[in-house]
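I've put the structures underneath this note.
Next come two complexes, and both contain subunit A; in the first it sits with subunit B, in the second with subunit C.
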Partner chain A sequence: MNQPRELPWSGRPSQTESEPASPWRLPISQRINLIRFPWIRSLLQSRWPQFLVRALTLSGFIFTIVAGLLGSRVGSHNFAIIFVWIAWWTALKLAFIPFGGRSWCSVCPIPLPGDWLQQGGLLEKGRHRFGLNLRWPKRMHGSWLQSSGFLLVGLFSAVTLTDPRVTAWVLLALFGLAISLSLVFEHRAFCSYICPIGGFTGIYAQTSPVEVRVIDTRICSTHKDKTCYRNCPWGLYPLALRDSAQCGLCMECVRSCPKDNIAVNLRPFGSDIGQTARASHLDEAFLALVMLGSALAFSAVFTGPWGSLKSAAFAIGSPAWLLYVLGFLALNLMVMPGLFTLAVWIGQRWSGGKTQLRRAIANQSQVLLPLGLFAWIAFTISFAFPKFNTVLSVISDPLGWGWNLLGTANAAWLPDVSGFSAVLQIAILLIGLFWSASVAQRIAKRSPQSYFRQELPVLAFILLFSLALLWLLIG
Partner chain B sequence: MIKEWLARVIAASLALVAVTIPLGAWWVHSQGTTIHARMAETGGWTPENMTAEVGKPLHLRLTSDDVMHSFAVGQIDQPAVDVIPGEITEVTLTFDRPGKYSFYCTRWCSINHWRMRGTIEVTGPGTETEAADPPLYVILGLDIDADHHTDVVPEQMPSAARGAQLDVSIPGATLNQEYYLSHSPVELWKALRGESSLNRWSDQEVWDLVALNWRSNTTPQALQEGKQLYAENCAACHGESGAGDGVFANELEQPDTGEHAGMQAGEMTTRPADFTDPAHMLSASPAHLQGKILRGGMGTGMPYWGPIFTEKQTWALVAHLYTFQFDLEDRP
Partner chain C sequence: MKLSSKWLFWIAIGLAVVIILAVPLLVSSAAPVDRTIRIQAKRFEYTPSIIHVNPGDRVTIELAAGDVVHGLSIDSYNLNVTADPGQTARLTFTADRTGSFRFRCTVTCGNMHPFMIGKLQVGQNGMLWRGAALALLAIVAGVWRGWK
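Showing the complex of A and B:
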């Protein structure tokens, strides 16, 4: 917040960093500022479009909860299950995140009432604002709570993903939690520190082709008011935005900047990763590993051939379920972090690196981001593609009571996805693997030590993971 | 300011629509008579008891909340209809006579599947419900819980067709249906063995004559019906081969262990009877078996089928049970 630094894309050599200018530090001309297009500009400047979309998602959210509570108990015939875990989840993993980063956060209904209370109005800021506006405790910063939340949901996922009532109660609980936190803490405390979705959306947003960035810092240095910071519901300082992990693409800063100095850039994929100067933290490394471990665990439980494993995941409270919990937690808390730490450590020792292990782990964890993103895309394809016909039928019969509102209740559209889906998953896992390998290369090139020795164990780790997931999904 | 209020109205209307549509639909839905089927462990049929009138069609909408079930009504000619999870099945019932009918599930849905029953109380004009005759085992004074056993068993499976080929005239006393119903196969065998006119036949050939007698007291249609009833209702516990080794046999023997541990079948249940054991089966008369089927086993886990099967169906089932001991095909 103090010294405006020269930005990577400003075309000038950086003054505060010691790294040499590198080929992937792109000058701003290689980023397309979408605000330059008048129709995009007017869409974003007005509050109405985003408000309407959010009002609709809120309405859909409420409908989902009520359908889940009152409708048929049979998951495949209930709007709540199909639209949350098939339709929305697929949209999130295949569209929102890879192409828009944290774009779902800009239309998510969960923090909406909290936002309204905090700003004292739906469309415009009002005079009467509610909330204590306390600071989020420093100790609870980072994504540790989000990783824990994700793991917690994972323990009960078998029942949550199939029982409409449980899904409804979980959504209601998150809704209530978000509103409560908004009344106590400032900004989007729920979204930044609690929401399990926000956690992984944030880390994967760094691979996405969209970003919000300040255009010319010199303009900011003469602007005393810093309206962008005052208006950001996420509590971010746009001038200091170095990566897209925390920015929810709400566009408030774009709207409030009197100098039109904030851009919404289209940029190459993966622009935020591969930079060791970036202060990546252990919490992000842990979250990246949890995402990998969960992908393996859920593939095994939900799409695997082991009936006893699936039954154990369902029988909550039973000894079998406790074994499943132990296995799940061991995988995510011990095996994945342990193996990765080992790989990083071996790489450091072998290459004679002087970096502290914590820092090395945090740096190398960027390699896991494309891998995890694509692993989840592949896994989502594996379970969602064969079930798309349920999306059509549940639109006509959302409560599973034999309705046929749009005539699609008995949608016989059952495309044979078996061959096509498998090929797609393999291709996607391969893309993730090679992209991750290239990130490893980028990271290693910045260090004076031997790239090969430092990265080889990490490459072995990601290869092992890819093979394991490939075997679970396809084999 | 106007914009703000407009925004509030829009948001509130959308939210209201999202709440009232399903809420209203749910209210309408709960006013109707949709019957929800669940495994017996989690509630069975809801509602469980219904009323109807003679001659007035009863429209029912059925849905399942968990697994596949099926709906059938005992003692009337109504084919079973599948009750599918998340979907609605419609069925219309019409009753000719007043009385208390039982409806039940005919798709094995859990270990307590047979407990999924409900009643339909039908009122109205019609023949007065007569007091039913007591079942044969009661009239005969049979103790159907007593152990029964015979040491006299055939060397190979007796065949009715072989018995027919012997072309022997059987003493009249043993030929009528009353005798068949009230005597066990081994009792008939001993009676025949004692007949001097049959001295020249071997033990096995006399068994073939017993099998022939059993065959002559039933029809191929009854045997076929019995076979179907067995497959639908009995095989899950008693096994397809009749050896008491059905899917749920282990759970009935030891309710707290095994794959379905926690699915309580009841206290003190025992392993299902083995119909392939000649010592056991050949010492049971048709009346004895009918009694077991009608009344169920006291504390053994055997369901009672009295309200479900008609008398004709019960005798057909009994006839089929003997096919585990006898070859009742018309051709050898």
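Showing the complex of A and C:
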């Protein structure tokens, strides 16, 4: 049996069910352990339900690639475009992440073959495992590569989101990369460090009302086998989980814990954010800013009235596209990080704060999470709602070959939701802004300095962002 | 019964919301006129892509398709017109709803067709201004919530 190489936790834990010692953990009384419900327990303890759902998503994934490669070149008539970028992308932002955190990761088909190879079996871990099982290079830890991947997708988004062939090749590339990395590196290296969707899902999972945590840390500290850590495909140790950004909710720790000491908690929204006890790593801050910048850029390209911008984003390789690339990268690599750093720096100087700037940026970046998630939801309403009738259409004619399998191929149902959707977008952005301002205040008031002066520039930053997005979406 | 500061604050916020939503915006005093606007459509853009008219104007849109068949429908106005390549189609309506409305291509014209969008601005965009004021209020309310 492999021994854990290095537990990502040190020191003796002191938290018990009734005694929340860590500042980032809310009292257990504010949690509902879903495992206590027998039917949920049996659903999660057995590997079969998850396996069946993953088999279904894998089949859908393969069909999507086939449809993308062989079906109609017209995006709105092809299952690959409509189901990936309208149906799934909408479901991810409106349902999976806000209510389930990284729950999509638990049924995502992309790492599935790699998991099977690594564990040497489909359901249970087998004797024969494939792969080199190397550790992921330490200098490549964090979410820098995920941010880069997201930016890369953004540069080609006008083509990727509209050309079925390109969507299919992108999915195939992600599939191949996930399998290759699982053969070289241990655990889910692709999901943890490369997958751009994993980065997106991970940071916003911290706002979600679901978490996997240990129930009694004393039991873990005396349990020598650490079966949860050994069985976690992600290489996580539940006792060391500080937030839900990394946990893929695969439930292997629940299944493998011999002491029944792992809880799947329903918790208040945003329990992970608003704390000061965070590392000074800037990768999450950068990822959060990339998400904000991308939401602005995508809103301008896909929902704005500027045809020349759309043409530039679509004409890959042309001088206009190069200008678009420059603008997109300048927004995400300079304007957003620059303005946010300036806001935090002004806050520090103005309040007389002594916190190191990078630590202050890392702390304050939590403010961006609720707003970022709600900004993406607001963008999705403009992006996807007017095209929902195409979902019905491609169900009957997934390849765009003129079929009408379920009689919905010519679905003309297209409610005019424009008036309603504008109101909805404003409401959603306001909720995100309210939540973010509340987080900013919670962070600032823990500081010994004048917290109003510290938070004011960051509040100005999120207000500026919200007004810009509001203008792009309904202006 | 004495109200706590918490309740007083939320009542004040509620009142502010009502005022922001109810306060009338400055209305243009320009008399309604007949306007004819020629829009050139080619993949995947309209030229001009942003049209400003006054409330009550009688607007005729001449849609000229340059390359392939294009359509134009205006959100919330329930209007639709289609133009063949090289042809001009006309659409006349009264701009009786104020605000900002997207118009979209209704005929599949290529990959970026779902995002071929223009904007019709009728008078002031009250929703945007009210949204901006509410955003400021949301910040104040959020700070209060975090403080308490």
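Keep this in mind: the second predicted complex is superposed on the first by the 449 of 475 C-alpha atoms of A that agree within 3 Å, B and C clash if a C-alpha of one lies under 4 Å from a C-alpha of the other, contacts with A are read in each partner's own complex, and residues count from 1 in each chain.
In the analysis below, contacts are C-beta pairs under 8 Å (C-beta built on N, C-alpha and C of every residue); 3 or more make two chains touch, one makes a residue touch a chain.
This structure is a prediction, so every number in the text was calculated from the model and none was measured.
Enquirer: Tell me which partner A:A437 touches in the superposition: subunit B (first), subunit C (second), both or neither.
Expert: second
Enquirer: Considering only touches as defined above, state whether A:Q364 meets subunit B (first), subunit C (second), both or neither.
Expert: It touches nothing on subunit B or subunit C.
Enquirer: Touching A:L123 in the superposition: subunit B (first), subunit C (second), both, neither?
Expert: In the superposition, A:L123 contacts subunit B only.
Enquirer: Quick one: is A:P305 in contact with subunit B, with subunit C, with both, or with neither? Answer first, second, both or neither.
Expert: In the superposition, A:P305 contacts subunit C only.
Enquirer: Quick check on the superposed pair: does A:Q146 touch subunit B, subunit C, both, or neither? Answer first, second, both or neither.
Expert: A:Q146 contacts neither subunit B nor subunit C.
Enquirer: Regarding the shared-chain residue A:S76, is it in contact with subunit B (first), subunit C (second), both, or neither?
Expert: A:S76 contacts both subunit B and subunit C.
Enquirer: Using the touch criterion from the header, give the chain among subunit B and subunit C with more contacted residues in subunit A.
Expert: Here the partner covering more residues of subunit A is C.
Enquirer: First (subunit B), second (subunit C), both or neither: which does A:P386 touch?
Expert: So A:P386 only meets subunit C here.
Enquirer: State whether A:Q348 touches subunit B only (first), subunit C only (second), both chains, or neither.
Expert: Neither partner.
Enquirer: Tell me the contact category for A:A158 with respect to subunit B and subunit C: first, second, both or neither.
Expert: After superposition on chain A, A:A158 lies in contact with subunit C alone.
Enquirer: If you lay the two complexes on top of each other, which residues of subunit A touch subunit B in one and subunit C in the other?
Expert: Shared contact residues on subunit A (touching subunit B in one complex, subunit C in the other): 74, 76-77.
Enquirer: Which of the residues in subunit A come into contact with subunit C in the complex?
Expert: Touch list, subunit A to subunit C: 74-77, 158-159, 162-163, 274, 301-308, 310-311, 314, 386-387, 416, 418-419, 422-423, 426, 429-431, 433-442, 445, 455, 459, 462-463, 466-467, 470-471, 474-475.
Enquirer: Help me check something: in the complex, which residues belonging to subunit B touch subunit A?
Expert: Residues 3-4, 6-8, 10-11, 14-15, 17-19, 21-23, 25-26, 29, 34, 61, 63-66, 85-88, 262.
Enquirer: Across the complex, what residues on subunit A touch subunit B?
Expert: Those residues of subunit A that touch subunit B are 51-52, 55-56, 58-63, 66-67, 70-74, 76-78, 121-124, 126, 318, 398-402.
Enquirer: Applying the document's contact rule, which stretches of subunit C touch subunit A when the two form their complex?
Expert: Residue positions touching the partner: 43-47, 49-50, 75-76, 78, 100-102, 104, 108, 111-119, 125, 127-128, 130-132, 134-136, 138-147.
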